[in-house]
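Please go over the structures that come below.
One chain, subunit A, links the two complexes that follow: it is found with subunit B in the first and with subunit C in the second.
Up next is the complex of A and B:
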């Protein structure tokens, strides 16, 4: 009964909420009305936008000594998570069978384990930093903590089901993924999609004013 | 022609007779073989050795290592059955699990008694309202990272060690199977992160944990319980240093034995694998019991948790428990004589928040 619900209606509902929510959020950002900038442009916008999308992958030199942990743990976590989501053999099989109709080379088992460990390491350190550092604690909202905890639960349930021998563990993982998908569009997790337009907008603004960013 | 008929008749009769004789002799043969078997068994029981049945008996009873020759190359490929596995199973079930369980329950019992009978030690003169920075963010992150990893590893490890005997009677076999599988996968996956936390502990805490002046005095008086004089203590007292080094040693043992268990092909002898398993279990039980004690210590000395919660401790707490460090930190030699403070807590400014917090041990 519960298994059918998780594999059926709840799965489709969570996918609908995820895709509709992401489109809605992105649409509201892209098509929102901005004030027309009447100042004389001192430089082109497009190169600034393009450059900033990539330049922000590196931390500011002045800031780096103060945000070492966020930068290092941030990279460790995101790279690990990316590898786990897109290069784990069970995930590739799932994407192939349910969405794409094609597959690609998966990480070997040890590679997947290593990627998952990196993701856990980065996530735990980042969340502890959020809770412990006074400034991060002050600017963090409840939603940020929920995002971190949900991500942790999704990762954990996935790794607990690694043996792929128990339906209950698979269902637990799928249920946590569904909760994650439903929560995603309404939370700071949206930065997975918004970081590019956000950087581009800032870069274009700087470019127009002739500021190198 | 009639003579020929007689020959046919005679031939058929002879054939029938021969069949009869054959069947009779076959029956006799079976009887003979049965008798031989009975004789062989009785002879065997009388002490006459038969290599084949000895081998089978040894295999069946599994009371000896059975080895032979094989074309297959590899460690232990010539071993049919290694009885050490069975011996280890007995050690695990009959010694490790029950005595490990008693040990943990005993530790919990001792902590419960300490909670009941030892009153919470309040900050002398109450909280001053002024704080001193004691821990950096990275020190706190390191500590809590270790807590998360040790916590997760403890839960999954205890489920693996005691789950069969605790979970199955409560939840049944079907519930235990996925729990055990999940615990194993989670334990193996998170294990290597303990090494990271161990390295972080060394990096951020090592310099404060070398022996220093006053440590022996602290130990001889058990942290001031048997001393009326105020003890001059630096950043960490001797008890905290022991805790640190015990953590480092136990985590190192857990890491090395854990790696050997994670990669058994690099350690092919079963004796060493079993030794690694035994060390792993004992070190784990020891660190869990130590964590119980650590939690009690933090609870029972008011103001201590602040160091790991905000990184800031109250000045009165610092003067009372780590006066030498406080002097170094503030560059003042005006630490009040806390002899009186530590022995007259009932006169302290801050009122105890509960009866349990009244009074103190020093």
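Up next is the complex of A and C:
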């Protein structure tokens, strides 16, 4: 009965909340008041926006030695997570059957283990940095910790489900993913989407002034 | 809720737009921005973390504009805003931020943190949480035309000397001039040699220029306070004078925030496009140099570096011109480790230097510049902002550092090829 609920209504509900919520959040950026700049531009905005969307993937050279941990842990976590989400065999099968109708090459088992370990390591390092570093400790909100914990649980249950392949573990994983999807649009997890307009706004501003950002 | 709190919150609400929405939606509280800010790196006080300075606006956004905020307030769970939510940020925002914008260059989410801090100032200023020194400077400018009072007599006295020394005429209120020059009060009071320098350079390059006796002061305390009404009034005076004299261009002084106010913010304050162009003095000098109208001779041989004024370089886009100009008169120029768009602020921008209360902190954060200078061991530091110059000199004094600070415009003037034919023309 619980299994049916998790695989059925709750799954559809979480998908609905996720997609509707993300659309709503992005819509509130697109449709909020946008001030028109009346000063004479020194350079074009669009290339500046485009440039900054990509340039901020890399830290400034002078800053890097001071933020090594965040950068390395951030990369390890995000790359590991990306690989696990999109290249784990059960996920590809799931996307194929439920959404896309096609599949692609999955990571070998050892590749999955490696990617998952990277994601765990990155996530744990980032979270430790969050609680130990006085700056991140001061500025972090409850929501940041909830996001970290939820992501951790999703990863953990996913690994257990894959390794042990008990149905109850698969269900637990699915349930945690549902919680994650429901929480996503209302949290800073939204940065996965909003970093694009955010970088674009700033890049356009700098582009207008003839500055590389 | 008190009236001042209500006023502050109303002003903050007026700041919400698509940028604020996307910026606050993106911040992951990673803390990276702290390492870019001299107020944090030199004090190690986490409260000086750039994004933390935006907390009043962020809290309001979260409470009134985010889903959770709206949802919890429907359920009656919202924490009410207290006066301390604004009052406690006055020191952080006005004393502990020079609006240098370095943080905006490093945020991995691309958040323009300095832009949000400027918006927070709007709320604090509306609620009356602004340092008294800035309020006083703004009032003096409104009443007497400059933050240092009525400086027209001082300006005229300097000009009399310049005219006597050079045999040149400083043109006042000339209709139809190509360039209407604006000045900062600090240039009149502390560095009057700047006015002599532009007089000689413009005569040398045969530039058609003028000064308006009605509006020559370009600094803008309204911008520093975060009071758009005052900022608009002050920019409006220059615009009115430029329109009255039907000049083709207004020249911003070296002063960084004056440039930001007249060049970038002005049309937005006034809600209209200008009928004239605005150039920074360095842009104009560089243009004159490139077109061969400025001819220099001789080279400075002392070991020099250039300090980038944040509002001119990082936030203003005038980065190549000062370097080209300096290279034309100095043979031994060494860049600091972080320079150009990633320079470190002198510590006195954004109204910090006008705020006596912030002096100790300002001297403390000068350690960042000191470390940069210690690395390259130069004899002379050249800059292009009279405010930076004063702050740099203070910092050098406080650290017993024996280093000369020069203004770039004066340096160019000192190397002009003598042209006797121009004298007296």
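The working rule: the second predicted complex is superposed on the first by the 210 of 213 C-alpha atoms of A that agree within 3 Å, B and C clash if a C-alpha of one lies under 4 Å from a C-alpha of the other, contacts with A are read in each partner's own complex, and residues count from 1 in each chain.
Keep in mind that, in the parts below, a residue touches a chain if its C-beta (ideal position, glycine included) is under 8 Å from a C-beta of that chain, and two chains touch if they have at least 3 such contacts.
All values derive from a computational prediction rather than experimental measurement.
Taken together in the superposed arrangement on subunit A, subunit B and subunit C fit without clashing.
Which of subunit B and subunit C touches more residues of subunit A: that partner is C.
Touch criterion met: A:56 reaches subunit C, while subunit B stays clear of it.
Contacts of A:2 after superposition: neither subunit B nor subunit C is touched.
When both complexes are overlaid on chain A, the residue A:133 reaches subunit B and subunit C alike. By the touch criterion defined above, A:46 reaches neither subunit B nor subunit C.
When the two structures are aligned on the shared chain, A:213 is found in touch with subunit C, with no touch to subunit B.
By the touch criterion defined above, A:116 lies against subunit B but remains apart from subunit C after alignment on the C-alpha atoms of chain A.
Once the two structures are overlaid on chain A, subunit A sits at the apex of an angle of 120° toward subunit B and subunit C, using CA centres and rounding to a multiple of 10. For the overlaid pair of complexes, the smallest distance between C-alpha atoms of subunit B and those of subunit C rounds to 13 Å. In the superposition on chain A, the residues of subunit A contacting both subunit B and subunit C are 129, 133-134. Against subunit B, in their complex, subunit A makes its touches with residues 69, 113, 116-117, 120-121, 124-125, 128-129, 131-134, 156, 159-163, 165-166, 168-169.
Contact residues of subunit C toward subunit A in the complex are 16-23, 25-32, 34-36, 40, 46-47, 49, 51-52, 65-68, 104-112, 115, 263-268, 271-274, 277-278, 314-317, 319, 337-338, 341-342. Of all residues in subunit B, those touching subunit A in their complex are 137-138, 140-141, 144-145, 148-149, 177-178, 181-182, 184-186, 189-190, 192-193, 196, 310-311.
Of all residues in subunit A, only 21, 24-25, 28-35, 37-40, 42-43, 52-53, 56-57, 59-60, 62-63, 66-67, 70, 74, 126, 129-130, 133-141, 143-144, 185-186, 188, 190-191, 194-195, 197-203, 205, 209-213 touch subunit C in the complex they form.
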